[in-house]
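Chain nomenclature is as follows: A, B, C and D, assigned in order of appearance, with residue numbering initiated at 1 for each chain independently.
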Amino acid sequence: MTRLLDIKDLHVGLPAGGQRKYAVEAANLHLNDNEILCVVGESGSGKSLTARAIMGLLPKPHVHIAKGSVTFQGEDLAAASEARLRDIRGSEISMIFQEPMTALNPVMTIGNQIDEVFRFHEKMPAQERRSRALKLLQDVQLPDPEQALGAYPHQLSGGQRQRAMIAMALALDPKILIADEPTTALDVTTQAQVLRLIKQMQESHGTGVVFITHDFGVVADIADRVAVMQNGLVVETGTTDEVLRRPTHPYTQALMAAVPSLIPRPPRPRAEERVLRVNALTKTYRSGGGLLGGKARVVHAAKQVTLDLTRGETLGIVGESGSGKSTVARCIVRLTDAEAGEILLGDTDLRPLGRAAMRPHRAKIQMVFQDPFASLNPRAKVGRIIAQGPEMYGASSAEARDKALELLKIVGLDDRAYDRFPHEFSGGQRQRIGIARALALEPQILVADEPVSALDVSIQAQILTLLDEIRDRMNLSMIFITHDLRVAAQVCDRIAVMQRGEVVEIGPTAELFANPQHSYTTELLAAVPGKGWFASETKPLTEAS
Amino acid sequence: MQFWRLFSRNRSAVMGMFILIAIFLMAISAPLFFPADPFSLAGQSMSPPGANGFLLGSDSLGRDVAAGIAHGAKTSLLIGLLATLVAVFVGVIMGALAGYYGGVIDNLLMRTTEMFQTIPSFLFAILLVAIMKPSIESIVIAIAVVSWPAVARLVRGEFLSLRNREFVQACHTLGMGDVRIMLGEILPNCLSPIIVIGSLMVATAILIESGLAFLGLGDPNIMSWGFQIGAGRTLLRSAWWVCTFPGIAILLTVLAINLVGEGLNDALNPRLRDRS
Amino acid sequence: MESSQRRTRYVLKRLFQAIPIVFAIVVLNFFLLQLAEGDAVDVLAGEAGAATPEYMAELREKFGLDKPLVVQLGVYLKNVVMLDLGYSFRHDMPVSELIFDRFFPTLLLMTSTILLAVGFGIVLGLVAASGLNTWRDTVISIFALITYATPLFWVGLMLIVVFSLNLGWFPTSGMENFAMFYEGWDRVLDIAHHLVLPTITLSLFYLALYTRLMRASMLEQAGQDYVTTARAKGVTERRIVFVHVLRNALLPVVTMAGVQVGALIGGSVIVESVFAWPGLGMLAFEALFARDLNLLLGIFLLSAILVVAVNLIVDIIYSTLDPRIEMA
Amino acid sequence: MNFKTLLMGATCAVGLALSPLSALAQNAGGNLVYLVQPEPPSLASFLSTSGPIGLVAPKIYDGLFEYDNDLQIVPSLAESYEVSDDGKTITFTLREGVQWHDGAPFTSADVQFTVMEVLKQVHPRGPNSFREVTSIDTPDDYTAVFNLANPAPYMLRALSSYESPMVPKHLLEGTDLRASDLATNPVGTGPFTFVEWRKGQYVRLDRNENYWKPGEPLLERVVGRFIPDASTRTAALENGEVMYGAYGAIPNIDAVRLREQDGFSVTTDGYSMINPMALIEFNTTKPPFDNPAMRRAVSLVMDRQFLIDNIWFGYGKPATSALSSSFDKVGLYKAGLPNYPANGDLEAAIKQLDDAGILPDANGVRANVTLDLIPYGEDWRRAGEYMKQAMKPLGIEVELRYEDVPTWLNRIYAEYDFEMNVNFFYQLPDPVLGVHRHYGTDQIRQGTHFVNASRYSNPELDALLAAGAQEPDPIKRGEIYGEIQTILANDMPVANLFEMEFLTVYNDKLVNHATSALGAYGSFSEASITE
């Protein structure tokens, strides 16, 4: 076992005048060959900057290594010249990133981008460079390597792009691969494949990998050793087993506790009253076409979708991107017009209603959105955001204000929030504001579209708890859209699995998890990272925190 | 204030703002310092700067160039601001409707916009002024007519991207009316780029006015920098000051507005905030 | 094969879409010009010295100006469809001939201006962006702004005074030496010699635009992830700037260049006037004041077609620069 | 009164051609580039008297006569002429051996056709100049006999190549004169043949090898250039790219500057045939200028010398009458008339108005008026701006209006929708040609440009004008015009401001370019470039 990398007392300095002086403080880490070190932490923990500091890729000129050393095979990279770093990058240490779409140059072919690595580090004829690039693409299991070589990034799928990135990173057989959240932007099934690929490549080349992630599931699947970071500090390091099973630091413990269990919570009795029935809902998107325009592209976002929802129930809609789960949600709240089917709220079919006819029903179905940053008008004060709903439905401004203040309290914010702007709040707090807005009209049904997927895991748990509380307190029915089966297991009474616009399976959560009927459901369940690591230890969410 | 802190980081923008304030003050205080009609024949004609009591010289009729610049500042700024206001007003309406509703309305409005952009703009301004006869009003209208398409395109783009943002959708789920969403929710969020493009448009309007005046299409009854340049251009070789000083006034103003515009852009555009 | 076919279809589609716009421009200007007082006959008669009302009526009949507006418009549009732009009242010759004669000089000035402005704008923007917030950046930004803010005719006249009169390097005006009437390559050189000052004057105005756009675009692209990727590959900074960033940063510049063409035809009126350049802008200007309706409409028509054509070319350039854009 | 036969041999012309200077120049030849501003609408000088046409067409066409700088007749296509005792028959003897540029011979038939079918029909001033001509006899190819209804002494002053160009019958007969190909492709007998006209750039004329004057023209080529911007025109002249600019092509301010420089000269010669006069036309049919006192007051308050000194930079002469003082030579001008103070007389103007009962209101305003400005250049705008300031102390508040040519023409001459209008007129070599059109009741012709737009109508004056036109006796004629001028000085339907002096600015290398009274409207046949 060789020590590849030794990080000693690393301080990454932030620009003067900021809240913090260091983004990373006194970090001590090391990496051996043929091992995967996972650096795990929530946003703002400094994990990404640590990774970039190794490569000398900190955003210049304001963020810089203030103190400490990064020793790579006896050489301090923190003190190395830019030219020396350039030699090392790509050949000895290489890196892959979270979003392969933006990390690849959109106007250059994959082949050319791989070619660059060879050109800048080794002298070899063009012919050989090409054949090696081809070999690399074969190694990362791209379906048609020949074609991929001449393809532009946008012509590949997300998973393929990340494979190409990995091929590029491994072109010169580097000693160290730094992977910065490489699977975060991918669907679960793809994520599982890419993780497998990284593991394979690492094993066959004996590479040392620094793997940055926020997802303990991924950590569990891939890591040999783990370093946990919080607010720029490395709070705990150890083998995967030590850290995940016997965390010593309270922060690690809290994080572990917050990871939702894959074991569904106990079923609750289902009410008789059906508040919503969706029958054969169909929505098709067309693009292109028209006059002289050639064939139109047709996407079936929702194909004959049938669902129902009883009072007090939470129905989960689960699927990967493009499955149509969001389309169904948007059709139900009438943000999108479905072209066929029924949306029965009580006895009223909402689908054919015009704007005016829809208006009296609007209040009954409200929505919570995914992105806590995009879902609040940055130019409006929080009080107005919440109070404008009741005002539109006839409440006086005093009543609306009282209502808003009450709701703020319910979602766990204090009165001072009323006169502030959204940007003054953290992501979790904003999501609370979004929930308060949805509740202001006292709806019967809450449609939550990936309400926690943009949040850190500890915040995520709090919001899920909040939603649960509110549902019980207000006797709400909820449609909960998510891609995360762990979350679904803890929130939903029943789950509908969607694939390519169709509901392939629907049933009570526990049954569906225990005995999936459709192969796709099985596939999804199999792909959940970290299976078996947390299930036995963590308690059901409702009792946690 | 955050905005001011960001803005003041850009030193040239602050300088531009001070120049602009100075020009504003000059425009406002012109009647104090130069109480006489700037057209009045104040003394010896073609006096060089400093001679015969003319700070910046006099023109061929013995009019005070300095008085003309001071009084002209008001006209030039007024033309710039009014034309921009009209253009922004029209452009925002067209762009908002097109971007918000999309589809046929968008198609129709954008074809119209495209049409106006396809007509050579300066030529079109000349044509409009010639038809409406040279006056402040016609110049303002002409400049506005050739300027609004840029605003419309910008606003359309902003509306197009904002209308699908989740906070707008949240308003839909509340059952909010279109006009209220457009004016109350979306518009405030695209004010920054509108302010930036508007500020640059003021500068362009001032340049267009001087160009029209050069071609003899200025308002003969109102003192403006364009008028002074038009009146002094044949004297350029014999009495350089007559048209050079108003030219410098235009240059400084346009420069200042552009600097301020860039500063606004840096301060208002969050994407650029972290740089420099 | 398939892509070239698609491209052809795309071009046809775009041209097809442009037809209503071009027609709308003609109709709009037709009616606008009707709002102007006086007509071509007034001008002709006024210039001739004195003319009797009978003679003027006769002229109006000859020009078809006595017919109802709708009929005049109908006749004009019918002729346009038959590719006949009509007869210039003032110049007493076919509009197409007149325009054709001015088209080459216009195209020459336009092309050289765009090339110079875009070329230098790209270089200056690149230099400014690569030395962000250094003296180079400041000097370039201020230079660009000053050239933009200086009234065009002032620049033109000053260039004439300095480079023609004082230094004697370039002729003051015109497109050729009319004392000598060179032929062959001498003529080409002569025209190029005459082209220098007007091109510089006109491009100085647009230079600022491209410099600023290029600078902003470079800065924006420099912050993109793929730049970090390239850096992580060990690619040199030079290659990052010139290969990775440049090509992406050029995209908005190309778009802007397309938009500018329309403005350029009209915007060159002043430069054409100052340098006596025989372009369409000046012709249109004179046609307006001579109420030479057919000629003016012809010029608007041509410039609209030119803009459409240039935009199409820009789109095609764009699609080769940016593989993400598919022409459909 | 009998006109004596004037016989002029070709000797005179030959003598000129053999002068040492010309001989030198002949070797040099040279290409002359000169300024034509603005670009002419056509080259049909038989259809239009538009100024820029005059700068080009006389190089291509000849007239029957030319006139020297003393306005004396110089033979051209007519070698001699004879006036009968009753003045009603004029016999022209034409030059033999003259060819059109296409090779056809020039004969008396061309003269007959030109005058009877062309000039009398379609020329703007022809119907007036030749109104007494009833027919023309052509006893042989080289004799043309004009038969007149009444004596028309002024006609002999209107036979120049500019005013009455001889045009080819064989190319024009039977065609629509107004749509003639000759308008853009002229064929004449003049010293230069038409080669090419590139619109917006130049018109090129090359030497006529078969010109009838031996040894002429001296120049190889004459190119008229069009440069829209005045400052650029000056620069081009300074740079030697052009060598000659007339009729205001070079702004006076630059002329004054170039006058002081080596290598350039400025002359006011060559404009004696046109007699330009700057003036204000009043709309006499509606208030406030229906009141002669208002018109007199405006005339009184104008500082004519200020206009000349500051806007025309010293070129011009204050007007003192309805007629230009240049008519003094022929005894028609009357001096010492009231209401034309050279330096303005504010007090007299105020007194005029006070006496007429036009009193200022509380703000000191007696009248609000709009002043239209002739859209023929910046100088007129400056003049308007001056006038606005000049009338202010008089209590007349002026709003300036500056419109483009067609709008302005329409307003003044068709709509009559104006109050006062700054303008200039050519008074031409005889008042009948250039002055009568302002004042005669018969000249109130709606829709016709540059006639009596004031709509001033005075039967007494009409009678005097008619008498003046036909009076052959110079003394009596002078008396008639004296009365006319007295009436006009009092009624002041038009306030003459100053006698304009047009400038010709030229490079000193160019010699012998101003040998005729027509100046720039002449032929350049004797001009040459010396090194």
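In this text, a residue touches a chain if its C-beta (ideal position, glycine included) is under 8 Å from a C-beta of that chain, and two chains touch if they have at least 3 such contacts.
Only a predicted model underlies this, so the values are computations on that prediction, with no experimental measurement involved.
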- [ ] For everything except chain B, show me which chains still form connected clusters by touching.
- [x] one piece
TODO: By the contact definition above, name the pair with the higher C-beta contact count: C-D or A-B.
DONE: C-D
- [ ] Provide the C-alpha centroid distance between chain C and chain D, rounded to the nearest whole angstrom.
- [x] 40
Task: Computed distance of Cα centres, chain B from chain A, in Å - done: 46
Task: Centre-to-centre distance between chain D and chain B (centres being mean Cα positions), rounded to whole Å - done: 46
- [ ] Measure off the straight-line distance from the CA centroid of chain A to the CA centroid of chain D, and report it in whole Å.
- [x] 88
Task: Two or more partner chains touched - positions in chain D - done: 231, 403-404, 407
TODO: For chain C, jot down the residues that touch at least 2 other chains.
DONE: 36, 153, 157, 161, 273, 288-289
- [ ] Check the chains against each other and report every pair that touches.
- [x] A-B, A-C, B-C, B-D, C-D
Open item on the list: For a test of understanding, state which residues of chain B touch chain A in their complex under the given definition.
Closed with: 165-167, 169-170, 172-176, 185, 188-189
Open item on the list: Which stretch or stretches of chain C touch chain D in the complex?
Closed with: 36-40, 42-53, 55-56, 58-59, 62, 90-93, 98, 101-102, 153, 157, 160-161, 164-165, 168, 171-181, 272-276, 278-279, 282-283, 286, 288-291
TODO: In the complex, go through chain B and note every residue touching chain C.
DONE: 12, 111, 114-115, 117-128, 130-131, 203, 207, 210-211, 214-215, 229, 233, 236-237, 243-244, 247, 250-255, 258-259, 262, 271-272, 275-276
Task: Contacting residues of chain A [partner chain B, same complex] - done: 330, 333-335, 358-359, 362-363, 365-367, 369-371, 374-380, 388-389, 392-393, 434, 437-438, 441
Task: Of all residues in chain C, those that touch chain A in their complex - done: 6, 9, 12-13, 16, 224-226, 228-236, 239, 243-244, 247-248, 321-324, 328
